[in-house]
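Structures follow.
What follows is chain A paired twice: with chain B in the first complex and chain C in the second.
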Partner chain A sequence: MLKRTSLLKRLFILCCGKGRHQLLRTSLFCIFLSLLAGTILLLLLDKNPLEAYTSILQGAGILPKGRYAGRKSQLTDFMSLLNYTTPMVFAALSVAVALKCGIFNICVSGIMVFSGFMATVFVGYSNLDPILAKVLVVLIGALSGALVGILIGYLKHRFNMNEVVVAIMLNYIISYVVSFFIQTRFIDPITRQSVAVGQNARLTLFDHPVGNLKMEIALVFPLALLAVFAIKFMLDRTRFGFELKAVGSNSKASKYAGIHVGKAVVFTMLISGSLAGLAGVSYYLGSNASIQPRVLPSLGFDAIAVALLGNTTTIGSFFASLLVMVFDCGTTYMSSRMQVLREIAALIISILLLFSAIGIFFRNLADRYQQEAEAV
Partner chain B sequence: MNTIIIEGLSFSLPLFIIAIGGIYSEGSGITNLALEGLLGFGAFFGGLSYAVLSRSFTGDPTTLIYASLGFAMIGGALLALLHALMCIKFKANQVISGVVINMLSVALTAFLANQINASFFGQPSNKFLLEVFPKTTIPLLSNIPILGAVFTDFYTFELIIVIVALFMAYLLYKTPTGMHIRACGDNPHALAAAGGNVQKVRFWSVIASGALSGLGGMCFAYSISTTFSPNIYMGFGYLAIAAYIFGSWKIGPTFLACILFGFARSGGYVLVQKLKLPSSYGDLVLTLPYIVTLVLLLFFSSANKPPRALGEVYDQAKR
Partner chain C sequence: MENLVEFRHITKRFPGIVANDDISLAVRKGEILAILGENGAGKSTLMSMLFGMYAPDEGELYVRGRQENITSPLVANSLNIGMVHQHFMLVENQTITENIIMGIEPKRRKFGLFPVVDLEASHEKVHQLSLNYQLEVNPRDKIEDVPVSTRQRVEILKMLYRNAEILIFDEPTAVLTPQEIESLLQTIKALRDGGKTIILITHKLDEIKRIADRCAILCKGKLVDVLDVATTSIQHMSALMVGRDVSFTLEKEEHERGAEVLRVENVSVLSLDHITTVDSVSFSVHEGEILAIAGVSGNGQVEIADAIAGLIPVKSGNIILSGNDITNASVRKRIEAGLSYIPEDRHAVGLILDFPLKENLCLKQYYRPPYSNERGILQHEAMAELGRSLIEEFDIRTSKGNDTLVRSMSGGNQQKAIIAREINLDSKLIIFVQPTRGLDVGAIESIHMRINKLRSEGKAILLISLELDEIMQLSDTILVMYNGKVQTIKRANELTKLQVGEYMMGVHVEKN
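Up next, the complex of A and B:
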């Protein structure tokens, strides 16, 4: 049936054509393309791409390095990868849930700053018992994120305001107001950031001795995994999840079908906001310990594209976050070993996201080739 | 008072030209969240061209300064080409394409600036140093009380921006080309029925928006820091988006919005200085334009009319 089409086209149809796991295959194809682009880039810089990719994997703890510093091993590298991945998983989930309901949540960065700041102020500088403090940090993070989320959802539903515009405005308002409070009250004159939070409130244990190793343990990583499955369950198996997706695919039709569109929008933003809030606390009180004034974390914007790479599914977002963070974490090791600039990681990641943004084009093209091939 | 007007205008006008870029793109029906990335890449390209040319060029340095504005427009247009391809040819989601372009722009400029500085100029830096942009005062007009400040001590790029802006406004509202662009945003099928080429009009509109953003970005680079550095990504592109949404996708009201943003900013800074507050209060001042936009949108969002076909992929078969 496919006899007359060229080999290249057939391969392409195999990658992106109709059939089982079409979305997954397209994503893998996009990853392959961006690795190819990265290879060309590295060759242009006169570096060995194979060695570069291996050292990225080694730096991220996926492959063993040649030798390790004292009390470090592949496991410690991997644990540190998990530590940095945790906020990204929350952030990507937050974007994915909102997208399922047809809302584009670009406010993740702002919410992260807000929740991180709230948790820092209320718990970070206190002398509470470590366990109580950590639980409080998580609760405050989720709650303050949810508040901003509800605000966006309400403004969108009640006043018909474009959520993208509201989110952009909120991002900057939050960033500047938080920066004002940090610079007037909580500034550390040496680092020019907010005063570091106490160890009792941090969601990551640093240099925690396990056996003869010292590793970073992200205490909220299990919570992130739990969130992945809880959101998946909610979307696939509950009535609210169905309503949410219905509003996302056609809000008018769902309104005539008797679904409260406004309620669905506000609740979705509540969930999305609280996930972003969790991302904030696991970023500012986990992998970092202080807030840099006037800076919106780029992680919140990267999460949009990561969720997209994961086809806005929960499980997909999880693996996409892991992949992107492997690049992010592994590059430090690669750049020190091969004298390549650290910025190349961000470049390869954005090329990857560029390709995944046009995944729909690849799928349509493959469908067309397939039809042509079958017509012959 | 004079400082408020002088500083305010030197901020408002670059913002205005970026917002016009946004109006062109969105007016033709392509959502453009990429303004931030476009202005940064334009400024990068302009800064790079200045750094390269100033090494071999021996003539009057002001010529180079004006040339770098042109290069910035080319740079912005180059990145906009990518956005146009993604949105029109590859039918990607326009919002997502915009976000990705912003990320790409930040990553690309950081990488290239470091790499070029290291391998060609032999210095580890992510900046390109620029000259101070020439300033002028118009003799007679500047003596008018209060309003005279408009003509006092302004950067000459402000004049260029005003001329370009007037031309773009004329093009959009008084010529058949402008009619086509606006038709593309409101009812692309009508344009197609009248024999126009929707894809082509949209393509050139997005390119124009890139060129204008590049120009604005370069002006920001000159007026704010006289360097190109990654600090150019301070959210001015998003502020420009706020400005034209505020101005309901029309050039006239958008101008007022930009003036409001600029004066709120410079006025706030002057106020902070006058009241002898610590400089950190400047952060609160910076929130003013955003809060004003949010509150005003609250009341006027029903009167706000975006182009009707905004963000839709043009599909010939759909009616």
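Up next, the complex of A and C:
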């Protein structure tokens, strides 16, 4: 008997099945699904979904708002979006690079706190020349992140310790040790956070006058863009990138081929760690200026889902970061304009991250349907 | 005598191979029926269908005169069919009793309310069972603490606990020492005398001769004959098992072997759990010589190859390649010193399945010019060039050439890719481990010709295989291993296939 594949299945295969750009199509399908889920949520709350999504885009500076406060415009909104996106790009790259080598780096949050704290303590409270201070912040951030990364890689390689367990423990250790020092030495009694760092050390210029506008300028955003292309080049074109990917796909075969697996793991974690460190300084000395004790930035964990949404490619991670931050930045405006609670808006982002994490499942499901369809 | 199980015109196909071809066979109640055949003759497949792990493509199965559709091991269990697998199916960190009662645990109610597993009663029951069948075990021991022979007894008890009437043993002696084999054979006999029906899958003729009542011989998926063991000679059975017509023979040119390339001196290797898998093995391989290591699976052959290639550490002894001591050298140093290795497991070790073909073909050379420059940048064009020439030269069939994902290629072509890569290294020593495993006849033939050609070119070749035919056909020197030790090492023309088989089973021990 001939069994016909149902229309729904065929549509699904079209979205996620084998063929050109399967990865991209699946990611877009995930985004579509989460928007659909958000739509249902908004309809249940009796809000107009189209208007809500428009206001998100307006809030993020992608679409023009109806009117602007003094010295603000669509451009200032967009620049602020870039400012918040910068740490996410670094963090997502950090996760993606580690995943390419088969390592699940969930220590991004901990590394962010560590590198942010180091830069704050060594440079943030100094009176150094602004240019020198900023360069130092970036260097210290990358370096301290790299140190933690190497530690994880070494423990994994030398003692065969599971990197997830190590990372979870390090997250706690870093978080508590750093908050101990903040609360005993650097606490601001009013905000209950660390004392804000000086403007000279911050990687973001706030209320910087450009023409008749005042905008936020993320100085390290170009560095994030550069990192995207540098990592892409490393993975695609260099000898080390080849070894990294080989170890990630089959470490036994890599050993057999003469690749030094341990060295590849440690170097990968060095790179991943320094990227997480850069995320830390661009977060704690960029879009923020102080560290809240005993709180791990959720951005470090969101980055895992963002990297997955971007199919653990570099370019993909960049655009996924941008997308998630559009939602993140736009929701403030949406909640104030549509009287939707911020939590609801945050929920939509969570749904997006959830769907992005199951993209692999969709791909496999579509492959299976496709095989069934071909078998019939 | 009544037929307990009947296979009627059973056919089972796997992609590219007919594993069982129209097999009709009856198993009588209360007998020991041996299923004899070489590796890949279809013995295990046939029994797996009786145990519900595969479904036959054609034909019917009758159990106790009724046609049964055995769709899973659970169904087989309910028909009182039990199987001891070659690889034990036991939970290491549970006790023997827990393993035996697993799935059908007796329950009692604590305080008349909470159901708990009645372990005490179970221990007692297992103890009784082991006494009844003279299979001594301590029910409270954990599996991880007991030796292999005890584990096997646990597997047998597991079947008996489930009231199995038909017991299938899949190569039960492959993992045992001679003494343990002796006691197992006694056990099997005792089970038969106790009224059980036994099916014994094996390729060891002496065991069949000693305990089996009848013997069914499979060759290349076909049932050749069913013989009465008492009235048949070992020679006759072996001739039937191998098949009279050897399909093709290699033209091997005679030539003197050249200089020594590889020398292995008293090498011992420990497994991860500190068991000696290779015990003080010495041999050497010369230019233009094929040295074959024969042995039943798991007697240390693969570990020797891994140790020479540097994948596992050597406990003691020396490995010398072309005059250089490489005992503790890195894998890459060994490759550069002139070592090519075609590993046993082409998926897990030989290839990176998610890499395109050209990168797999370049896997051992990507780091040096012309495939990367001195600054560490890959030269994709040079890689593609190499890929194209190897695909052409070795006739690797692909859908997209260089960019084909290796995962999507057929087993034969994957093996060709590995061999192409290793031969291209132009090493003095080439190690082949099971080079033709799972391949069809055409691919096997071309690989054999390739190995023979390398011999003529003056390469030193170490061939490790479970296929006796392959070894007899190709080798100049044969080394037989048993329990990690060298059983014998002789010129190939001084040994017959039967003799090699006897050495493999540990029948003769060479005094030296």
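Please note the rule applied: the second predicted complex is superposed on the first by the 363 of 376 C-alpha atoms of A that agree within 3 Å, B and C clash if a C-alpha of one lies under 4 Å from a C-alpha of the other, contacts with A are read in each partner's own complex, and residues count from 1 in each chain.
The rule we apply is simple: a contact is a pair of C-beta atoms (placed from the backbone, for glycine too) under 8 Å apart; a residue touches a chain by one contact, two chains touch by 3 or more.
Because the structure is predicted, anything quoted here is derived from the model rather than measured.
S.K.: Could you tell me if A:Leu341 is touching chain B, chain C, both of them or neither one (first, second, both, neither)?
M.R.: In the superposed model, A:Leu341 contacts chain B only, not chain C.
S.K.: Go through the superposed model and pick first if A:Ala37 touches only chain B, second if only chain C, both, or neither.
M.R.: neither
S.K.: In the superposed arrangement, which partner chain does A:Phe104 touch: chain B (first), chain C (second), both, or neither?
M.R.: A:Phe104 sits against chain B, while chain C stays out of touch.
S.K.: Regarding the shared-chain residue A:Arg237, is it in contact with chain B (first), chain C (second), both, or neither?
M.R.: A:Arg237: touches chain C, not chain B.
S.K.: Is A:Ala357 contacted by the first partner chain B, the second partner chain C, both or neither?
M.R.: first
S.K.: Please determine whether it is chain B or chain C that touches the greater number of chain A residues.
M.R.: B
S.K.: By the touch definition at the top of the document, which applies to A:Asn162: first (chain B), second (chain C), both, or neither?
M.R.: After superposition on chain A, A:Asn162 lies in contact with chain B alone.
S.K.: Just chain B (first), just chain C (second), both, or neither: which does A:Asn250 touch?
M.R.: A:Asn250 sits against chain C, while chain B stays out of touch.
S.K.: Using the superposition on chain A described above, determine whether A:His260 touches chain B (first), chain C (second), both, or neither.
M.R.: So A:His260 only meets chain C here.
S.K.: Over in the complex, which chain B residues touch chain A? Could you list them?
M.R.: Counting only chain B, the residues touching chain A are 33, 82, 86, 89-93, 95-97, 99-100, 102-104, 106-108, 110-111, 114-115, 118, 235, 238-239, 241-242, 245, 278, 280-281, 283-284, 286-287, 290-291, 293-294, 297-298, 301-302, 306.
S.K.: Give the list of chain C residues in touch with chain A in this complex.
M.R.: Per the touch definition, chain C meets chain A at residues 309, 311, 330-332, 334-335, 341, 343, 348-355, 359, 363-364, 366-367, 372, 376-378, 380.
S.K.: Taking the complex as given, what residues does chain A use to touch chain C?
M.R.: 237-243, 245-246, 249-250, 252-260
S.K.: Quick check on the complex: what are the chain A residues that touch chain B?
M.R.: Against chain B, chain A makes touches at 45, 104, 106, 155, 159-162, 164-166, 168-173, 176-177, 179-180, 183-184, 293-294, 298, 301-302, 304-305, 308, 341, 343-344, 346-347, 349-351, 353-354, 357-358, 360-361, 364.
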